[in-house]
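Each of the next two complexes has subunit A plus one other chain: subunit B in the first, subunit C in the second.
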Partner chain A sequence: MNAKVHYPTLPGNWWLKRPSYLRYMLRELTCIAIGAFAILLVFALLRLGQGAEAWQAFRAALATPLAIAWQLVALVFALYHSVTWFALAPRTMLLQIGTRRVPAGWIAGAHYLSWVVLSAIVLVLSGA
Partner chain B sequence: MNAVSQASPSAGQGARIVTIDVLRYRPEQESTPSWQSYAVPCCEEWTVLDALNHIKDHLDGSLSYRWSCHMAVCGSCGMMVNGNPTLSCKAFMRDLPDRISIAPLANLGVIRDLVVQQNRLLDGLLAVKSWLIPRELPPRDDQYRQTPAQLAKYRPLTMCINCMLCYAACPQVALNEGYVGPAALALAQRYNLDSRDGGALERMQTTASDDGVWECTFIGECSEVCPKHVDPAGAIQQMKLASSLQWLAQRAPGGSSS
Partner chain C sequence: MSLSNKPIVWLPFAAGGMLAALLVPALMLVLLLDALQLLPPGSLDYPRVVAFVSHPLARVVCVGVIALLLWHAAHRLRMTVQDIGVRSHGARQVAARLCYGAATLASVALIWAVVVL
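Right after this comes the complex of A and B.
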């Protein structure tokens, strides 16, 4: 290796250098909220198993202003997470009809459709 | 007129003076790169490469950079224009402000001025065996046959011109010296998807290793900057899927444990 070659170093704030890097970092950050909400759901099951009193106490804790604010933040993060990943999904799926690749909109659309259908099923099951 | 003036036409009347800041590196006289400004009278029809040629021919012959075809085919003239990985022959002065910066492609070793090391890509191509590993011997008439649909599957990936803009756009290239990199991985997938090829498992030795596709975090900038719309990021995610399925297949009942 030539000793006189200059090797640049990547600054620690590289993710602030381009808007796309920042959007990527935000997308990655959303998984923390998603993970935390998944843990909350598991905890909800635990409380449900402990009987009606424990369940009501859990529900009351969720209804405090702080808890509602957190759930709203988690909702925004979940939406950003879903939308960004649905947008990327067509590039991961190599589907072809004849000599043409299936349009990205179809694949992303199928994801949104599944989202709506699954949400509707959950709503029906929960008696909403 | 001689060849030099053909290569860099004089801007003539009505030229706009553009200040071009070039990040220079002359290893015989400096240990780190430094900026140098040039006032260049530019035609609006010029590309950034034309402006560089003007500097080289009329202002400062010591400026070093690579170029060849001037038509976005050879992939030689990649550099950072205003911080964006760009083919300088494809960036028109009319789209740029009165002051621009030009630096060598990011994340790569700088040999001199705008000339960067290419070994990252070249070593990567070797590591992933970016060539046809025949699935079987050719038929008796000595030709491999392929349907238009089979060709369409990998054809977009063949458009790569090895310009390395994707390496300059990818922070993972800088963060992990061993990472094979977007273009080499895309060209591995180009052969994986080829109906004549049987080398996907062999390539996984590298592509599914710690320096392969799993280093990619799908930032996606490699595909954004690609002048040939190759979409290395998409190809890498497809290989992650193939690598995962292979991992599962090895552990499934009756699967090979090798």
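Right after this comes the complex of A and C.
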């Protein structure tokens, strides 16, 4: 009666086999940039609570060449997350007005519009 | 297993993903511009940032947004680790505990940081 447990085998590098698999993996790996940034924000709040000197030290650490390089890479990944997220939105949000389906382009467009507006608000609040 | 825990995991994942998509590039850009000294002088100076973040509503928003970002990243990382080849039941459990555990720890630190601010 003891049935053997069968694990399907898949080579660990399956995601290098096709461009679409690679794009999927890059999309999933955006979570590292997002997660690292969320932890950075927690750290920023902790430093802020420690006073003006700690806050200045935090900003100075972000201004080192290595930190700037990482921030550039993370920004590219974050942008890739945004683009892929908005591309999927019409498929995860099926909206109807009456009996008609809201066209996919409208849903994606609404997301892009919200993105532009919210980004502008963030930049204006920051002083940029 | 009668009830699936998927909705509980999925809702914050989706909410965090949406917030990440809408807000994170702009927030990253602000810190990057500051690092490159391209923001107007004084923009991110201590008094201004403290005054902004200390507002009760800002504190609540900080916790809500950052905690959802953490959860989003933790869930996606867990799934990616499985995709790359962590497939046995035990290893998947370890991966889940590490990912969600790290997100929980960071969330606790986040709440603490915002309370003592």
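The rule is simple: the second predicted complex is superposed on the first by the 115 of 128 C-alpha atoms of A that agree within 3 Å, B and C clash if a C-alpha of one lies under 4 Å from a C-alpha of the other, contacts with A are read in each partner's own complex, and residues count from 1 in each chain.
Methods note: a contact is a pair of C-beta atoms (placed from the backbone, for glycine too) under 8 Å apart; a residue touches a chain by one contact, two chains touch by 3 or more.
Since this is a predicted model, take the numbers as computed values, not measurements.
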item: Subunit B versus subunit C as contact partner of A:Arg100, first or second or both or neither; value: first
item: Subunit A: partner with more touched residues, subunit B or subunit C; value: C
item: First, second, both or neither for A:Lys4, with subunit B first and subunit C second; value: first
item: Touched partner set for A:Trp15, first subunit B, second subunit C, both or neither; value: both
item: Contacts of A:Val42 with subunit B and subunit C, given as first, second, both or neither; value: second
item: Touching partner for A:Thr92 - first (subunit B), second (subunit C), both, neither; value: both
item: Subunit B versus subunit C as contact partner of A:Leu123, first or second or both or neither; value: second
item: Set of subunit A residues, in rising order, touched by both subunit B and subunit C; value: 7, 10, 15, 28, 92
item: Sites on subunit A touched by subunit B in the complex; value: 2, 4-10, 14-15, 17-18, 20-21, 24, 28, 88, 91-92, 94, 96, 98-101
item: Residues of subunit B that touch subunit A when the two form their complex; value: 25, 27-28, 31-33, 83, 106-111, 117, 148-149, 151-153, 171, 174-175, 193, 217-221, 223-224, 231, 233-234, 237-238, 240-241
item: In the complex, subunit C residues that touch subunit A; value: 14, 17-18, 20-37, 39-40, 42-44, 46-50, 52-53, 62, 66, 69-70, 72-74, 76-77, 79-80, 83-85, 87-88, 103, 106, 109-110, 112-114, 116-117
item: Interfacial residue positions of subunit A with respect to subunit C in the complex; value: 7, 10, 12, 15, 25, 28-32, 34-35, 37-42, 45-46, 48-49, 51-52, 55-56, 59, 62-63, 67-68, 71-72, 74-75, 78-79, 81-82, 85-86, 92, 111, 114-115, 118-119, 122-123, 125-128
